[in-house]
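Take a look at this one; I'll ask things after.
Per-chain numbering from 1; labels A, B, C, D, E, F, G and H assigned in written order.
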Amino acid sequence: MSYRHFIVGFTALGIVTAGGVGTALADTAPADTALADTTARAAVTRTDPGPFPVDHVLSNKSLVRAAAALVEAAKREGDQRVTMVIMERSGVIREVVRTRKAGPQTYESAKRKAYTAVAFGRPTSELTDNATVNQIPGTLTLPGGVPVIYRGFPIAGIGVGGAPDGRIDERIANAVLNAIYHSGKRKGARPSTRS
Amino acid sequence: MSYRHFIVGFTALGIVTAGGVGTALADTAPADTALADTTARAAVTRTDPGPFPVDHVLSNKSLVRAAAALVEAAKREGDQRVTMVIMERSGVIREVVRTRKAGPQTYESAKRKAYTAVAFGRPTSELTDNATVNQIPGTLTLPGGVPVIYRGFPIAGIGVGGAPDGRIDERIANAVLNAIYHSGKRKGARPSTRS
Amino acid sequence: MSYRHFIVGFTALGIVTAGGVGTALADTAPADTALADTTARAAVTRTDPGPFPVDHVLSNKSLVRAAAALVEAAKREGDQRVTMVIMERSGVIREVVRTRKAGPQTYESAKRKAYTAVAFGRPTSELTDNATVNQIPGTLTLPGGVPVIYRGFPIAGIGVGGAPDGRIDERIANAVLNAIYHSGKRKGARPSTRS
Amino acid sequence: MSYRHFIVGFTALGIVTAGGVGTALADTAPADTALADTTARAAVTRTDPGPFPVDHVLSNKSLVRAAAALVEAAKREGDQRVTMVIMERSGVIREVVRTRKAGPQTYESAKRKAYTAVAFGRPTSELTDNATVNQIPGTLTLPGGVPVIYRGFPIAGIGVGGAPDGRIDERIANAVLNAIYHSGKRKGARPSTRS
Amino acid sequence: MSYRHFIVGFTALGIVTAGGVGTALADTAPADTALADTTARAAVTRTDPGPFPVDHVLSNKSLVRAAAALVEAAKREGDQRVTMVIMERSGVIREVVRTRKAGPQTYESAKRKAYTAVAFGRPTSELTDNATVNQIPGTLTLPGGVPVIYRGFPIAGIGVGGAPDGRIDERIANAVLNAIYHSGKRKGARPSTRS
Amino acid sequence: MSYRHFIVGFTALGIVTAGGVGTALADTAPADTALADTTARAAVTRTDPGPFPVDHVLSNKSLVRAAAALVEAAKREGDQRVTMVIMERSGVIREVVRTRKAGPQTYESAKRKAYTAVAFGRPTSELTDNATVNQIPGTLTLPGGVPVIYRGFPIAGIGVGGAPDGRIDERIANAVLNAIYHSGKRKGARPSTRS
Amino acid sequence: MSYRHFIVGFTALGIVTAGGVGTALADTAPADTALADTTARAAVTRTDPGPFPVDHVLSNKSLVRAAAALVEAAKREGDQRVTMVIMERSGVIREVVRTRKAGPQTYESAKRKAYTAVAFGRPTSELTDNATVNQIPGTLTLPGGVPVIYRGFPIAGIGVGGAPDGRIDERIANAVLNAIYHSGKRKGARPSTRS
Amino acid sequence: MSYRHFIVGFTALGIVTAGGVGTALADTAPADTALADTTARAAVTRTDPGPFPVDHVLSNKSLVRAAAALVEAAKREGDQRVTMVIMERSGVIREVVRTRKAGPQTYESAKRKAYTAVAFGRPTSELTDNATVNQIPGTLTLPGGVPVIYRGFPIAGIGVGGAPDGRIDERIANAVLNAIYHSGKRKGARPSTRS
């Protein structure tokens, strides 16, 4: 009744696991996410948002960039036959891309990795030995799932499955994540701190 | 290839069906919804909201008021054995309340009414003869489903099923809708235009 | 063929696990449950109840109080994003409340905790290491599920999922349980032995 | 928007459909049901039943008699290959008996007939042309489903499917219903008014 | 690649596990099963049974006796709240009986025990530690499932779930098994070797 | 409440529809089926078959011939991209063959045709306008389903789907049926009455 | 037994429906499809392709272009909230893109349109009144589904759902189709015959 | 976080596991597979296959031979009651054959073995202790699944389940595999290197 009580949670994520996430996402999180969308922040901090508060979701444009990044990264990593699933916090699947010859198991694997990443706000590679997460139905704690963190909160998860080594899946997922973070920027104008 | 092509859609709802919705929701839509949350409106109208735009959802408090309104209205309407389902635009179910002795069909009926109302932005009682809607899987066009409209867009649907007359289901659903619209206000301070 | 044979059962609950339940529910079970509804008890003890005996279920009013208690407790415990499911002994789901931003896994987790609690008549936190229970499909033995005990029998289960520590889930579930036990009483008239 | 509004409901059943049910169940409803279990009636009529009111369900013994009646009636009606399903108001299936050589469709047919009968409180043979009922998912309005009415309320439904003529299914279902109504009595002591 | 290769199989059952089954079913297998139905045996032993060979299934009468035995045994064993499922070798469910107040998990547990028993031709209590069986989807190796063996072959499985100790479930299942084996005999004429 | 009562049933099939089946299967039913397996007939006609009566199923060899006939007939009929499903009376699927490039709908279509044919003992082409059959869940009354009749009883159904004209599906299904009827004979020794 | 027998089939598509498809796809089918991939054609026409013949599928690059075309067309058509599904002939879903605020029904609608288009080799707008197609499970014959035809055979289907008028859905689907047909060409080098 | 990263993948299969596959398939892979279909190879090696590249699938004829081999091998191995499933890389099931008296678990077991074999490009008997594979939903790593390898890539999987020893299942699966590899050859002309 001790270890199992604790689950990796996004609630405490801003404080407890900040370092971990910072490390995990070091090469993916853009430097300026903390500055974005101050308008929305106001809504979050007001005492009573009224009956219709807001949730952050993914733009359509980010999905286009994600598809391109997925195909490019899969090819770059050795022509991997993978499937990618992007799931929002609500559980809604916003995008699926199944590359050629991807195995029959890749959709379910990718979906579960995305689900696990957005549910617990951490890359699935950091949850491998988490007994609590493994016990929850629908999770999969093999590498290849990364959360889309916005203002310290997981608003979506990216899951990639099908590569022979989970670390390849995770590199591809991070390439997609990176493309999403830069979807609002002009093409070719990536911040220097990231190259 | 003529009538069937048209579906009732929320996209054109601001213009084409404004009157219909206005009529349908006349006794439920608070006078001041058009004024709320101008901060968020800015985000909607800007050219590029960035990778993480916002969606409006229901507050927790509104769910508490919805549950109370459902039970109260079901009793007032003659001790109806009904089930209520509230589904957001994403398809996520935010609340289910099944009153005592409600029949085994009431959950599915209520869910489908909520689904239909939020999908097409209209009360299900206005869609009864819509051949297109009836053909789409998962819909149910019996009365008892009403959309939660916010800024001309259906952000959720309320479905009620189980009463012997669909109009009773609809009255109960409207009572719940009314309670949600007033969730952000102080208790006991309902606007005079509504009483 | 020794340990595994034993499952925690409500049948023997009146004797074997009375102490355990007493401890577990110490701060939730009202002092007077043992005295309530002597009318119904008569039916239970008579030799042949006829073709249509009775089962105890939850009142509608108790569901309203449960929703309010869930939202209040989730906020008090640090704005937890949780989902609550209340399932009766028959397996019927009487209520679902999903708070804002609750993760995609919370419905299933909460449902399974409610299911486990009502099936075995114990808080899920006491079943964590029970190999038999863990083998039965549909169970989840993480903390956060508590049974609604009435006359020594589990008539319903409350499941809460989504907090980063299962003990928080359990505290919220107990707050809901407490609200249900007091649903039949006048508001503001909680017995002094419980405050 | 007129006819479709009305559904056959058990709420109005005490008044509107009393005759119909009386007719339908003339040879099955025992004369003394109105007298039974006055203890429970008290609970129903009191203003506030507290948090744990009661529902009426089927006794175990009635299931044994139902199985025997099903097999006997199926044989008597010409060795019909039928399946019987008994579903309670909660939706719980209490009993399934599939006779030898019953077709693969009989379970689903019988289940849907039981579901329809308990949901709407009428024999399915009376709902054949009810457009509203036919639109609700899970219903089947072919003859062969009969409700178990207790104190004017449908507490269960019996569905039988597989005979070449639905009226045979219905006769078999009524034989089962009759057996259930007499489950509380001594064997061989059927009331003279019924033979 | 050694232990896991072996699964308990009915094919080798006549030889390898004959003793085990004999022990397990000692108080349930009628002494004369080996003598029954010599007509059918002829068909089995002929070289080519033609396009339409035969399988043995359960009679309708045996289901009636099974229901009675289940209710009686459940009561005798301390008023256990159990569900029984009888599944034939084809996977068809011939009978379900859910006693009053049986928990929501009992149907699935009973079904899986019946499935496991008929699939592997052994009581589930003998398969508890069988890693292979435990890996196959749909199995449950808690006590309470017993096969109906006819001419050395499992033609059906009986599963019982819900008692606090699996050995109680198994005793009830064996009582049902016994009733089935005697379904073809005159009532009251049980062979002396079995009492 | 008249026409709908009647369903096409195998029970009355020996008498009422004998001609129809005779016509429908004229070029498929072997002349000597009526003579086959007199051993088994004895079991059918005895008063009490004991607890373990027999059902007729398909031999393994007949499945091999069915697969060959399906592929050959599909090619002969113009290289049709079809799927075949063979379902026994119990609902068990004994064989599936999906030819190259068969559409995604062909499995479900073929399965439902097989299901309908075995459930009602008639070719689906004879059930097209049967309102009762069309109302039963899981049926499909497009041509392409034919029953395997043995001693006047449908022991299996063959469903074929995917051809642009249902009559082609039906011809292919009949070719498979014919192959099954001859599975027990020596190759090349087809009865002259059939060529 | 006349009209219903005929289904729109791709088999006869090269001849019977060539005109229809030519018309329907006039602005989408590239002029040179008939010339492409003569290598593969050889395989198709040879008598025996051996055990491992080939099927044509979609390239990864075409999926990237499809995602971009979908988002662009949805915006151009009035910011439609639609979901797109691309399904191959095997039934495998290669891509899903759900635009922001798309309703909960859009995934299922889009999937069924894609399924119908690839199954029958025609735009769903041409199948609206086809009674046979409408009877087959899983189909949806509202406009918005278009097949990807390659060498006269439907190798995939594109389904779009969510616009208030099905013709808008179909225009968007055709824009995606067009993008796929040009995926193999250099960007900016569209053939003049198509603009 | 080391071992678990690695999954058995077909991508690296040409190099890393070539020996293993060679060994595993030694008595099943025909000597001339490496020479087959040089036409298709050209397509694979060209830089850009255009929008419609090709996948290799199974011929119809190979399915006929597979069915025959399955039944023959099952009989030869001691009249095993097994089910065989053949699944292509896309996940499509091309063939199912369920032999007489095969248990209710055999379909699911066979399907999962086929799925696992085609997903990971190895016999399931080589994956028994692979923690990664075991964690992926839908897999089953008991012996009996073998991949159909063509040009170093798994284009299908054959799964067999039901024998009491998994090695028997695997032998039967290999017999089927062998039959498929020889489907394109003249009957009776098996290469001498294989007998």
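The rule is simple: contacts are C-beta pairs under 8 Å (C-beta built on N, C-alpha and C of every residue); 3 or more make two chains touch, one makes a residue touch a chain.
Not measured: the values here are computed from a predicted model.
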Cα-superposition angle relating the copies chain F and chain B, to nearest 5°: 180
Interface residue overlap between copies chain A and chain G, same or different (over half shared): same
From the options C-E, D-E or G-H, the pair that copies A-G, where over half of the contact pairs coincide: D-E
Chain B and chain G, separation of their C-alpha mean positions in angstrom: 35
Intercentroid distance (Cα basis), chain B paired with chain A, Å: 32
Chain H residues counted as touching two or more neighbouring chains: 53, 55, 57-59, 61, 90-92, 100
Interchain contacts, given as pairs of chains that touch: A-B, A-C, A-G, A-H, B-C, B-D, B-G, C-D, C-E, D-E, D-F, E-F, E-H, F-G, F-H, G-H
Sites on chain E touched by chain F in the complex: 36-37, 39-40, 42-43, 48-59, 61-62, 88, 90-92, 150, 155, 180-184
In the complex with chain H, residue positions of chain E that touch it: 1, 4-12, 53, 55, 87, 89-91, 115, 118-120, 132, 135-139, 153
Of all residues in chain E, those that touch chain D in their complex: 57-61, 63-64, 67-68, 71, 74-75, 92-100, 107
Footprint of chain F on chain D - complex, ascending: 78-81, 100-101, 103-105, 108-109, 112, 125, 128, 140-143, 163-167
